[in-house]
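Next, two complexes with chain A in common: one pairs it with chain B, the other with chain C.
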Partner chain A sequence: MHISEGILSTQILITGWAGTCAGVALGLKKTSDYKIVRTALLASTFFLASLVNVRIGPGSTHLSFIAPMGLILGWGAFPAIFVALLLQAILFHFGGLLVLGANTFAMASPALVVYLIFGKSIRESQNKISVMTLSFIAGALAVIMGASIAGAFLGLTDKNFLTAIKLLLAAHIPLALIEGAATAFLITWLKKAAPEFLK
Partner chain B sequence: MKKNFLSRTLNSPPHPPEFRARLFLFIAMLFFISENPGFAHGVGYREISLKAVPLEFFYSTGEKMSYCETKIFSPSDSKFAAQSGRTDEQGRFSFIPDASGEWRAIVRDNEGHQCEAKINITEEFLKSENEIENVEQNHENDAPEGFELFIRALLGVSLIFNFALLIKSHAHK
Partner chain C sequence: MKKFLLSNLIVIITITLTWPNMYEGFITGLSIALKCSVIYLFCAAFIFPKGLAGIYKALVFLHVPEKLKILILLTLRGIFILKERFESALISLRLRAPAQKNFAKLKSFTYITGSVLLQAAERSERMERAIKCRGGFAGFNSIRSEEVGVRNEKTFSGAESLLQIS
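For the complex of A and B:
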């Protein structure tokens, strides 16, 4: 899902940075002291998840754990994803530094959206099946939203990317299902084993 | 009464003989051109032994960048591609440089990944008939692999936790 350096237009890069700066500032403000180590743990998971490849047909893609980031960290997902993507750009050469704002926005805003939509219901629900279902939907939706935002950035830069956008969305449907399943199992387990993580 | 085009044409007086002769020659010429496709462009081929620059593109995971859109830019024109096409199944693309300087090859996939290769072509390369040894490839942007990737991943995780502990210790003071 990383957009490489040199593809997006200046306007989109600036828009991405504006959204990311606002998100990171609010995220830092809303992250309480006791959540710092938790944020670091999930930032590390996100940082390493890109190295775990999932083969889908002739190609492959990697896990992102966008939804668990949002459901566990809330607003804190923005600074966590920003730091993880910054280190991925420097150490792995994924994405780039100029496009970091757009990439952070494309991945952190779905995390925040699923937190705002599903966070409260998942925390308050006592039914295991409903927690699992909601987490699955959150996980799948976050991936589709992330791909859609990345696709929108590409489409607004150049209309020639429209075919690429269709392929991008199609390629992320299997990943959405995998991430949905991973999110469902992780959140259900956390709700049982360490419910304080979701507070 | 107003006549339509067809009736006007059918009832018009006969054309003078010079006009009919010119019309005949014009139609004959059109017929000749259309019947002989080689009249405008002949085609052919020959085998040549120019030296090409073969490149291979891959993801950091080692997977080949197969069938990806590729554009080659010459040192003199960074705006319009000198050559364009797609990589093959193995992620390979070749081009034949005809000028010295820095040539750029940009490969994009359908997921927003882009790889840019910068190849310095020397005058010696253009003149020599030997194997491609004079090509200086810029690998600055190559993604790490294997053990280097593992070390970098470890460093990244370590940096994240150290950073978090630093913030936490400051928050406690």
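For the complex of A and C:
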């Protein structure tokens, strides 16, 4: 889902950075001083998990864990995703530094939206099947939303990207299903093994 | 470098094939790849060799909030701390169930992620206590130079927490 450097127009880059700065500032404000340590270590775990390739069917994919980050970290997901993408750009040269704002906005805002829509109902639900269903929808929705935002950035840069955007969205549908399943397994397991973790 | 060139090639091919006019698409793809290369070379020459210490100094220069700087440093440290645990868990998964495929493998992988998350949360609580005992975030990292200002307040808040613990 990383948008490469050099594709987006200056206006979109600035818009992405403005959205990211606002999200990161709010996220940091809502995270207490010492909770930063917890946010950092959880962000590291998600970072490591997202580097592992999981073989599914004929191909293999790496999970992004956007929805679990949102559901577990809440507002802290914005700074956590920003830092994870910054480290990916510096250590592995994925994405880039100029496009970091747009990439962070495209990945962190779905995490936040998923947290705001599904967070409370997942926390309060005692039924395993409903937790699994809600988590699956949250995971799949986060990926589709992320791809849609990335597509919107491309479309606003140049209307000729339309076919590429359709291709991008189509490629993310199987990913959304896999991500939804992974989110459902993870959240159901956490709810069973450490219910206080999601509070 | 190979990965970078490959990603540029993919960008050029994708844009050429999806653009309404193929020739225009090729030129657009080429210009994007060139822009990307220039930005990458700039970063490779001036930013990446600075390492973490240099990037931290740049963040200080840009007046990035203290919490964000600490988050960056701790996340990087966390990656090195948790990498070993993650790898050993993955090796044990491979040894215990080498024939696992598709969704069974995905399920096991997410459970491993969950257990590492719990270990990370536990570790973060210990780190929080250790940081409080050492005087808060003020004396947090050797990269940071001594400065008068906000961090002194944090030293005092750390000392206060230490008194509360004792």
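Simple rule for what comes next: the second predicted complex is superposed on the first by the 181 of 199 C-alpha atoms of A that agree within 3 Å, B and C clash if a C-alpha of one lies under 4 Å from a C-alpha of the other, contacts with A are read in each partner's own complex, and residues count from 1 in each chain.
The criterion applied here is as follows: a contact is a pair of C-beta atoms (placed from the backbone, for glycine too) under 8 Å apart; a residue touches a chain by one contact, two chains touch by 3 or more.
Everything numeric in this text was worked out from a predicted model, so none of it was measured.
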Superposition on chain A - do chain B and chain C clash or fit: clash
Chain B versus chain C as contact partner of A:24, first or second or both or neither: second
Which of chain B and chain C A:150 touches, first, second, both or neither: first
First (chain B), second (chain C), both or neither touched by A:137: neither
First (chain B), second (chain C), both or neither touched by A:36: both
Chain B versus chain C as contact partner of A:4, first or second or both or neither: both
Of chain B and chain C, the chain that contacts the larger number of chain A residues: C
First (chain B), second (chain C), both or neither touched by A:177: neither
Which superposed partner A:44 touches (first chain B, second chain C, both, neither): both
Against chain B, colliding segment of chain C, chosen among 4-12, 58-66, 94-102 or 112-120: 4-12
Shared chain A surface residues [contacts with chain B and with chain C]: 4-7, 33, 36-37, 39-40, 43-44, 47-48, 83-84, 87, 93, 163-164, 167
In the complex, chain B residues that touch chain A: 60-61, 63, 66, 108, 110-116, 141-144, 149, 152-153, 155-157, 159-161, 163-165, 167-168, 171-172
Chain A to chain C touching residues, read off their complex: 4-7, 24-25, 28, 31, 33-34, 36-49, 52, 54-57, 65, 72, 79-80, 83-84, 86-87, 90, 93, 96-98, 158, 160-161, 163-164, 167, 178, 181-182, 185-186, 189-190, 193-194, 197
Parts of chain A lying in touch with chain B, wherever the complex brings them together: 1-7, 33, 36-37, 39-40, 43-44, 47-48, 51, 53, 58-61, 83-84, 87-88, 91-94, 150, 154, 163-164, 167-168, 171
Residues of chain C that touch chain A when the two form their complex: 3-4, 7, 11, 14-15, 18-20, 24-25, 28, 31-36, 38-40, 43, 47-48, 55, 65, 67-68, 70-72, 74-79, 81-83, 86, 90, 101-103, 105-107, 109-111, 113-118, 120-121, 123-125, 127-128, 131-132, 137, 154, 157
